[in-house]
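Below you'll find the structures, each written out as structure tokens.
One chain, chain A, appears in both complexes that follow, with chain B as partner in the first and chain C in the second.
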Partner chain A sequence: MKEIRRSVAPDDLPDVATRLVREQGLSLAALFAIDERSANGRYLLRYVFTDRAAGSLLTLELPVAHDPGTFPSIAATVHAAALYEREIQDLFGLSPVAHPDARRLVHHGNWPDGEFPLRRDFPLGRKPPRAALEQPFRRVEGEGVFEIAVGPVHAGIIEPGHFRFSVAGEPVVNLEARLYYVHRGIEKLCEGETPERVLFFSERISGDETFANSLAYCEAAERIAGIEVPARARYGRVLFAELERLTSHLGDLAGICLDTAYGFGAFQFRMMRGWAYLMADELCGMRFLRSVDRIGGLRRDFAAGKADSLHGQIARIRAELGDTSALIHANNLFIDRVETTGVLSAEAAADLNVTGPGGRASGVRYDVRRDFPYAAYGELGVRVSEHNNGDVNCRMNVKIDECLASLDLMDQALDAMPDGPVLAAVGPLPPHRGAFGLVESPRGENLHWLETDADGNVARYKVRTPSFCAWPALCLAVQGNVVPDFPLINKSFNLSYAGNDL
Partner chain B sequence: MSMVGKILLYGRLTFRYPKEPMDATNFSASPRIDPAACNGCGECVVRCPSRAISLQPGTGIGIDYDQCVFCALCADVCPTGAARMTPHFELARRDRAALRHSPLVVREDLVPAEPVETTGRLLEKEIRRRFGRSLAVREVDSGSCNGCDYEINALNNPFNDLERFGVHFVASPRHADMLLVTGTATRNMERALIRTYNAAPDPKLVVAVGACACSGGIFRGSYATRDGIDRLVPVDVYVPGCPPRPQAVLHGILLAIGRMGEVDP
Partner chain C sequence: MKTILYWLLQVAAALLLAPLPIGAIRKVKALVQKRKGAPLLQLYRDLLKLLRKSAVVSDATSWVLRAAPFVVFATSLFAAAMMPATVRVLPDAFPGDLILFFFVLALGRFFLVLSGMDAGSSFGGMGSAREAMISALVEPAMLVGLFAVGLFAKTTSIPGVLSAMTALGFPLLQPSLLLVFLAFVLVLLAETSRIPVDDPATHLELTMVHEAMVLEDSGRHLALLEYGAALKQYALLALLADVFLPYDPFAAVPGVPGVLLALVAFAVKLLFLSLLVGAVEAATVKLRFFSVPNLAAIAFILSFLGVLQFLIPGR
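And then the complex of A and B:
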């Protein structure tokens, strides 16, 4: 992964950022702040752009003074920046000037004004008194327009979030998602902690992306340490990452079937997901692939002596998936529900940096595994699914394609895995270094930034999961659909609340 | 193969647990420290990511299972092999103190956002008599990583098939006899959790699922979390785990309605 870092002046920023995105075709992949006041009296904002064609990252660094604590908003032209700027406003107390919608994002009405948890002088355990501030939703007005409020506690067994639908009759005119109900303060919890402890936080960002998050974290830490991960561990990581993707996608496919009341399809996929969990148990005894990654490689040689058994289980799932896919595609009642439902336009997907299956279903030709290869993906090669219609059907088909591709990759990784050690020795991390970890989680491009302090502990750990970018896209995809299709559209994206809220 | 063919081919997939024990050979389920083999070096105490291990005067080394995140680091760093991972997963207890090695200290500043209504709680025996055969469960995620929620979801899959016990999930707390709560009760969820509790009719049971709900887990002590849900709502059963396996959650549910007992390792 090539990386370029440049500093930028506040006056130039909007222009430069807009040209990078509109003319050079780069994507804003992250925007975050760090409080460096104790060292040099200011904050630093990092604007991270991915150049997918060149496989490189470009970071613009913008220093921001504590007083007046403002920075120019680029959200009017670089739409993907809108949420990041609101996040920085809530957590650091820096204001984006001329932001088109500068409402609160992370904090709810119970959080008083003037408290900014990611400033270094805010103590971790401080619990400000509860406030009761108004938090308006965007109002849609007109004859026959009603609001439907859903959540935070939902009808199904899922995570909490509040959805405010504005409907005119059946069709949804506007949907606003209020999230951050599961905001646990992970980035603050990691401040000043040892790199070893932060690994366990990274595994608990979002349960079903445990391995993807720990891998992104380890990649960043290994880049800072400047060490080479042993080849066997790199292949092992492919095996685990694909197993996680398979498990996650099978769950989503079950959910899509369930939300169309197609019980048979749902139970087929649940059965296959159960089989995938059996592989996880056999490999490491932990269904969520926790405590598998370590900085420097893998905790153990988990795959040793299990290749034959795993090949057999992979073949069983592959055969069943082929059969089930044929059966559900032959069911025209089912296909009727998923086709043309919840369309996300290619333009919106590109604009909001929607990646992963949600993006690939809408014509985004991007996969971190292929375009920024890590672990052993460079050697193995990745088949990237190509779909264009952006509806539930396409997202479902992308996930089926990717399950099959994951099964193939697991086979290949098992075969190509050389013998040897799985864990490189890593000493304390060098001080004052920063690095990115960029991986493809089951939901898409997963970007982590790790920076060390004077002692080699964690000064800043910024996590940007794919769900953060995709939530606004889900709200767009729902527009014009009937309310009863919302669960189906939601399931076809299956975004993580915990991964967004941190 | 047709749909009917598939149904005939697979027949019964459901585990026989709890009638027969689970095959736990592969499970890396819970750590155990053998005090006799421990040399008191304190390495695991310092490095435990959720600060769940302590050396206590008199009782020596031990684990607070309500706080443990089951990461196996203690087993990895132990120089004498005293700490090791075991396949024992049935950890649910009615009393949080029974899960702990160190005394429980409650922070006084963790006052709930609004009080719960606890009038009309029936005698435990009566609850079991009424819920023993048919139990309606409402799941509430009060701030988890979604791991526990996926494991609860897995109770509905063909391998666990929760409905065979007469236990089913309902869409509204108004229909619920039991709340299955995951997560630490974040600042933004605590009011919703209390309202959900108050919305469920009496008598009702609460099962705290996972390290976060039991104690705050690894997220304890942040500005946005609290040390478990039991200062907000009364908890009947604690199910440790990060996340607990579906069968561990099942054990917790059945323990709450008296259809299973506590299991000693």
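And then the complex of A and C:
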């Protein structure tokens, strides 16, 4: 992965960023700040662009003085920047100038003004007084327009989030999602921690993306340390990453069927998901794949002697999945339900940097595994699913394709896995270095930034999971659909709340 | 004396048999989905459990929310008792009428819709609006179908219809009645909140119809509403069984054993119809909400063709 870093002046930033995105075809993959006031008296903003065609990252670095603490907003032309700028405003107290919608994002109305938790002088454990500030939703006005408030606590066992629908009868005119009910302060907690301990935090960011997050973290740390991961561990990581993708996608497919009351399909996919969990259990004794990764490789040689058993289980899931896919595609009533429902346009997907199955269903031809190969993906050849209509049907088909591709990759990884050690020796990380970890989680492009302090401990750990980019896309895709279709559209994206709000 | 005995028998049969079809439908679906599923009699246990619990009622509600469970239960029970479980002990002066049957059920629904809106929550309101829309859509199909049956029997009184159908032997061989039967199956699915119109198993408030209206009810209020829904389903299944499957295999057995055997035959008919509903539920998915009018239109056309089929060739 090539990486270029450039400084940029505040006056030039909007033009440069707009040109990169609109003319060069780059995508804004992340935008985050770091408080460097103790070292050089200013904040630093990093604008990270991915050049998918070239497989390289471009970072623009913008220094921002504490006083007046403002930076130019690029959200009007680079739409993906809108949420990042609001996030920085809430967490660092730096204001984007001329932002089209500068309301609070992370903080709710009970958080007082003037408290910015990611500034280094905000002590860990500080509890600011409770405030009661107004926190307006976007209003849709007109005759017969009503608001439906749903959440943050829901009927099913799912994460908390408030959805405010503005409806005219059943059709949804506007949907606004208010998230950030699960803020655990992970980025703050990681400051000053040792790299070994931060690995445990990364595994607990989002329950169903455990391995993707720990892998992105390990990739970043290994890049800082400048070590080579042993080949057996690289193939082992492919095995675990694909197993996580398989369980995640099978769960989503079951959810799509269940939300259309198609019980047969739902229980087929749940059964296969159970089989996939059995494989995880056999591999590492843990269905959620925690404590598998380690900086420098894997904790143990988990796959040793299990290849035959795993091949057999993979074949069983592949056969059942093929049958089930044929059966549900032959059910016209079901296909009628998912076709043309919840369309996300290709333009919106590209503008908002929607990646993963949600993006690939809307014509985004991008997969980190192929375009920024990591672990052993460069040697395996990744099949990227291509769909264009952007509806629930396409997202479902992408997930079915990817389940089959994951099974093939697992077979290949087991066969190609050479013998040898699975863990490289890692000393302390060198001080004042930073690196990215970029992996494809089940939900899409997962970007982590790790930076070390003078002692080689963590100075800044920024995590941008794919859900952060895709939540606004979900709200767009729901527009014009009827209220009872929202759960189905939501399930077809199945975004993470915890991964969105660290 | 005979009348009192008859009504006692009817009410007992309705109360005892009503939760059975729901258990059977759930079992069929579970087996199709490779699950064991809940026991056949689970709904009986759930109702007993709920009946022992007190109801929590929001103080922001009016008398409607408290009255609705009783109205729904009473109307459903009345309608269910009106459909004979056996014609063996039919009294001489029997007041039942198909039109009355239909509008007694409508009264219960009216209160259910009101109670859904009473608490002022958005889910209840949405459920009520959807229920009102669906019932307005399927009402014509139901009424026209009843008229077709009435044309055959030359009366809408329930005993008159039953004796006419029994005289036919096997009514489904009549093209016009076959069409009406198909229409009634669709109406049954819509009226009893089954897939493809509603999903009785969902936990997603935004998609609910019937379940959304009863979200505010708990304890014995909920038990009455659930029991009422089961009785309503029983009443409609009994209508189908009585009108379209009047065959009594034990007609030769006299006296009390004959009555008991006829009741068993009736329960078997209910189970058969439940299997039909379960099979439909397992094979279909929930329709898009704005496709429900199409389903209602199909039901109406089937009923209407049934009437035409009767009128045009004559008999």
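Heads up, the rule we're going with is that the second predicted complex is superposed on the first by the 502 of 502 C-alpha atoms of A that agree within 3 Å, B and C clash if a C-alpha of one lies under 4 Å from a C-alpha of the other, contacts with A are read in each partner's own complex, and residues count from 1 in each chain.
The criterion applied here is as follows: contacts are C-beta pairs under 8 Å (C-beta built on N, C-alpha and C of every residue); 3 or more make two chains touch, one makes a residue touch a chain.
Owing to the predicted nature of the structure, the values given are computational and were not obtained by experimental measurement.
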Item to check | Partner contacting more residues of chain A (chain B vs chain C) | outcome: B
Checklist entry - Which holds for A:483: it touches chain B only (first), chain C only (second), both, or neither? => result second
Checklist entry - Should A:393 be classified as contacting the first partner (chain B), the second (chain C), both, or neither? => result neither
Checklist entry - Now for A:149: first (chain B), second (chain C), both, or neither, which partner does it touch? => result second
Checklist entry - Who does A:267 touch here: chain B (first), chain C (second), both, or neither? => result both
Item to check | First (chain B), second (chain C), both or neither touched by A:124 | outcome: first
Checklist entry - With the two structures laid over each other on chain A, which partner does A:170 touch: chain B (first), chain C (second), both, or neither? => result second
Next on the checklist: Just to be sure I read the superposition right, which of the two partners does A:110 touch: chain B = first, chain C = second, or both, or neither?
Outcome noted: first
Checklist entry - Can A:333 be said to touch chain B (first), chain C (second), both, or neither? => result second
Checklist entry - Is A:259 in contact with chain B, with chain C, with both, or with neither (first, second, both, neither)? => result second
Next on the checklist: Let me check the overlay on chain A: which residues of chain A are in contact with chain B and also with chain C?
Outcome noted: 155-156, 264, 267-268, 271
Next on the checklist: Which stretch or stretches of chain C touch chain A in the complex?
Outcome noted: 29, 32-35, 122, 126, 195-196, 199, 201-207, 281-291
Next on the checklist: Going by the contact rule set out above, which residues of chain B touch chain A in the complex?
Outcome noted: 1-3, 6-7, 10, 13, 26-29, 47, 49-50, 69-73, 76, 85, 87, 109-110, 113, 139-154, 156-159, 169, 171-173, 183-184, 186-189, 191-192, 196, 217-219, 221-225, 242-243, 245
Item to check | Complex contacts: residues of chain A adjacent to chain C | outcome: 148-150, 155-156, 170, 259-264, 266-268, 271, 331, 333-334, 336-337, 341, 482-487
Checklist entry - Which residues of chain A touch chain B in their complex? => result 108, 110-111, 117, 122, 124-128, 130, 152-153, 155-160, 180-186, 188-189, 196-197, 199-201, 203-208, 210, 251, 264, 267-268, 270-271, 273-274, 277, 281-282, 284-288, 290-291, 299, 323-324, 327, 496-498
